[in-house]
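Here come two complexes built around subunit A, the first alongside subunit B, the second alongside subunit C.
Take a look at the complex of A and B:
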């Protein structure tokens, strides 16, 4: 039997949680400026290399400024024009004009339409309106397993399942899918550690736990979850520096503030992590000059980590942010 | 990220192979200020030609070259991959040649998942897994926790019935290198207990073998969460009593020596075991207090919650 190495031994007694130092506060104005600047960076090569994510990025940016209490920071009309420039005849959306349709971008499109209450525009600009979009989404459900594909090529993932239910609930078209089958599929994705993965047998991952719980929540079936066991696994994602990881023995990352935090909130166990330490970790990941939030202190900011950092702070009721719905 | 366009490329506009194609620039104009133009030159040009060939639905050798050019600059562009796959199948192209090209591309772009979906489409069409496992081993040498690669591997095992083709041995190799590799633990569970049409939990020999394996790996690194989850998972699924782990867990955390705990996971387990015993509440309370105060204080609320779930206390005072 081996002796434990220093890394092996348990954590030492910790100091009582300290009040946040004064310099660590939420940089609201910088973050709004950062999001606004994203569209003025078209002279940067990087902007074009991320074109395949544009519609997601737009949703993240829009959500960020809404959380920051400045919903008008992005021009409504231009955002809506861009969204409808990505739609295809089949009711699906691509990431940008000329890109193929995919579940992920269709969901972002619906989320943006809902955020901006642009359902009238949806009826005006898309043939058949919400029903066409709903049919596209529902058509991607696999009849035998209940899960969803991302596109006609058939890759399946619980992300797509959640996205489908989320978008269809916003469109009031949940009746288009086989909900019992979808719920059965999520149950099949539950692992021995209490978590969920991309499909049956796939490793537990905090992002996928979020998608499965949120889908069950939309289906009204959170009663199927072993809350204590899953809550134990989720709260074990917090590392001594306050940040959360997505899988055991992986590095902490700001985005899991949302994936883990919202999952815990859905099963009423958010208080099982240390909110003060988490807030400090997220605030340390801000870029005070350029605005925006990074994956962990010292890295480059991006809109994905910005929105999920803000959403994480909102969950734990950090002052200065609008309240977020964990689903 | 600081990927730069490769300046060595010959512009397509100077290549005779492309002289019959009129490139289609990205839509511009005040109607779509969010989609105006400023591509780096090579990338911009390649995309213009891509739009042109897609507009006429051209499927040809030169389209394969063009998509390769775009992928080299931007492997995450999913539409390009899909168009390439369509072209390959339309041309009846040599798919082994495609795999040979794909391998170094996958090794270069670890985070990319389009590559893996593309690979799955090709291997499915080839109807053969030859050479796949050795390539995955190469991938794992760079990142043994790559989620895309593990998902692909599970698909491969199911699709080609590779359950007994050395999967457990591969997992053991990976755990020898890093016993904390949670992905490898998950894969072990998948190949042992996840097989369709078999119930390994009813096979005493397998259950015993897996319990012993998990224990041996815990002894190497007692604070490693994965094998503890694995061990508890087996106990639960095989409907064995938790108390059957008591002696083992107490190697790392035992009542009476609470200042010498070597694993918070062991301590949490002994707390659960004590809680099931008659008059065990006081001992369980002490174990949970030690977790809350000393060994896992960041989750103090979780441990306090567990304390509240304990059966009513026996007359022995719960001490801290």
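Take a look at the complex of A and C:
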């Protein structure tokens, strides 16, 4: 065995590299089947425990089958019916019928409506349609800081800021918010390493880097980013096995293939990591029996890691997937 | 987020008992349906409050049920305030200045704060629990005389210190800590007693954390954020500021013996970043550095790091940092007495060899340095 090249650590890894199957394939059919099976698992306790993720789970599943080139794998009518069963009078959406409104689910709802081009249905089925939803989202902006709360109970996070701008841009209602303030807030979250945290003072985190960059991209202000510094930090997230982590000295995880990869793409530095090794890591994290992708090889699959694994592969132009927009 | 680090069970090994699973589902759904029905009927009683507990113990991610708790508490708080108002018309306030309503509110809130501690310990990464806790504390801050919320926030500080001792990288915990400090400072500024400025104390805290574990990345990060504020609060003059920069450099110099420890190099990079003349005040330490000063520091630090190569010539981080600092150093038009082109080429060659994952990046570095 030749000595593996150390990338993150300066001592040689103690474990020999795992033997790989000769060829790693993208298991398109298994993944489609996996996504289709998600709503038929009512005999599993886990299904009920994850009800608070239903609407974003649906968005992730829908995006997954779109990336896999089978957009009709989930029935359009039923998906739309479910989405509108989660709406409240104020224009916000909950995770499932009867669950309270929150930014996270409202954004998922808008994303599904955009993916399925269901804007006409939105006007028919929600009082005030697009404008009511837009007003709900805009009402969560904090006037003095420019950032966004997740719901009426307060607490702000750059995740909500990005979600708000993303949904409002899909609704063509960006003028409802104070964009300059929002951009100012993102700048206040920037750290010397080029990254961003959940709020001012917080440590850089790849998920938060994605939300801040995507928000700046929607605002047309990517000029504010120190691309080399941030690109360096992001590319340092790749570990010797090809996977990416979210912060220094943390384990690799498939979902960061997307958060880190798309961030690198937004600042034109995707070539600063090794795409082939990343693809290999994601493909190794597939469940060959039941479909779906996990956080790292050998773990239990879920729809979240499935869609972000696929999106990561699409970003690096892996064959067999539709192209994805980094924002 | 669900689904991190759960080992896979293959379909064949899946021995879950369908009947047992069914029973668990039924129990869970029964209690969830009951809570939903009670809230729909606006039955905001303490019995329903304890029903929500049962759901949250099974599923702390059920954010709507946390909101139910808020509704119930809110209802009891308002009732207490109304009763108090009626009572105060007929009789005098108690002599200690605390009204019965405030007592009731205090009891409700502190009782709930202790109820969630075991849940928080069990699910330290559950966003909704942290968020709910902050809501309880903000209610206390808004509704009670300052000494009470002050002691509640101080207890939180102890709690979060405990949590951070268990997991020093929990960024919920660090964010929570910053909120606690800001709240305590605000209470003091608004006339309650206590320190209106706790930045010295927090700086000491990071020093302690770092001394107990040099690779506490989050503590180094927090320190980098505190220093500029600390200097402002101290009213530091230019000399104090230069002293601070020097003492931080010597602190990190002592720690830079193990290149495997990325945190230490992270902090070194922070210190170097503060030298940039374009830095805003909140990201600077010394404010009166001349270009000659900068060049001298860069030369000193580049030499120090070069020395590390004698013992660690297979460490890519050292080469990476040397090239980064050299690029910045050359930007100061230093006349370059410290680094030769041959050296830079050698470092780059080493990087390509040790770190081929990032070859695309090293290509760009080569181009930017004109090598």
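Please note the rule applied: the second predicted complex is superposed on the first by the 306 of 327 C-alpha atoms of A that agree within 3 Å, B and C clash if a C-alpha of one lies under 4 Å from a C-alpha of the other, contacts with A are read in each partner's own complex, and residues count from 1 in each chain.
The working rule: a contact is a pair of C-beta atoms (placed from the backbone, for glycine too) under 8 Å apart; a residue touches a chain by one contact, two chains touch by 3 or more.
None of these values were measured; they are calculated from a predicted model.
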Please determine, from the superposition on subunit A, whether subunit B and subunit C clash or fit. clash
Is A:271 in contact with subunit B, with subunit C, with both, or with neither (first, second, both, neither)? both
Just subunit B (first), just subunit C (second), both, or neither: which does A:97 touch? first
Tell me which partner A:295 touches in the superposition: subunit B (first), subunit C (second), both or neither. second
I'd like to know which partner A:284 touches here: subunit B for first, subunit C for second, both or neither. neither
Does the superposition put A:39 against subunit B (first), subunit C (second), both, or neither? first
Figure out whether A:85 sits in contact with subunit B (first) or subunit C (second), or with both, or with neither. first
Of the partners subunit B and subunit C, which touch A:253 in the superposed model: first, second, both, neither? second
Indicate the residue numbers of subunit A shared between its subunit B interface and its subunit C interface, in ascending order. 7-11, 43-45, 48-49, 51-53, 94-95, 98-100, 102, 151, 153, 155, 191-193, 197-199, 201-205, 228, 231-232, 235-236, 238, 240, 247-250, 269, 271-274, 277, 300
Which of the residues in subunit A come into contact with subunit B in the complex? 1-2, 4, 7-14, 39, 42-49, 51-54, 58, 78-79, 81-82, 85, 94-100, 102, 151, 153, 155, 191-193, 197-205, 228, 231-233, 235-236, 238, 240, 247-250, 269, 271-274, 277, 300
Looking at the complex, which residues from subunit B come into contact with subunit A? 1, 3-5, 26-27, 31-40, 43-44, 51, 54, 73-74, 76-79, 82, 85, 117, 120-121, 145, 147, 150-151, 154, 180-183, 186-187, 189-190, 193-194, 219-226, 229-230, 232-234, 236-237, 251, 261-264, 267, 293-302, 305, 309
Residue ranges of subunit C in contact with subunit A within the complex: 1-11, 18, 21-22, 24-25, 28-29, 32, 36, 58-59, 61-64, 67, 70, 131, 134-135, 138, 169, 171, 174-175, 178, 215, 217-218, 221-222, 224-225, 259-260, 262-263, 266, 269-270, 273-274, 283, 312, 314-317, 324, 353-361, 364, 368
List the residues on subunit A that touch subunit C in their complex, please. 5-11, 43-45, 48-53, 94-95, 98-100, 102, 151, 153-155, 191-193, 197-199, 201-205, 228, 231-232, 235-236, 238, 240, 242, 247-250, 253, 255, 269, 271-274, 277, 287, 289-290, 294-296, 298-302, 304-305
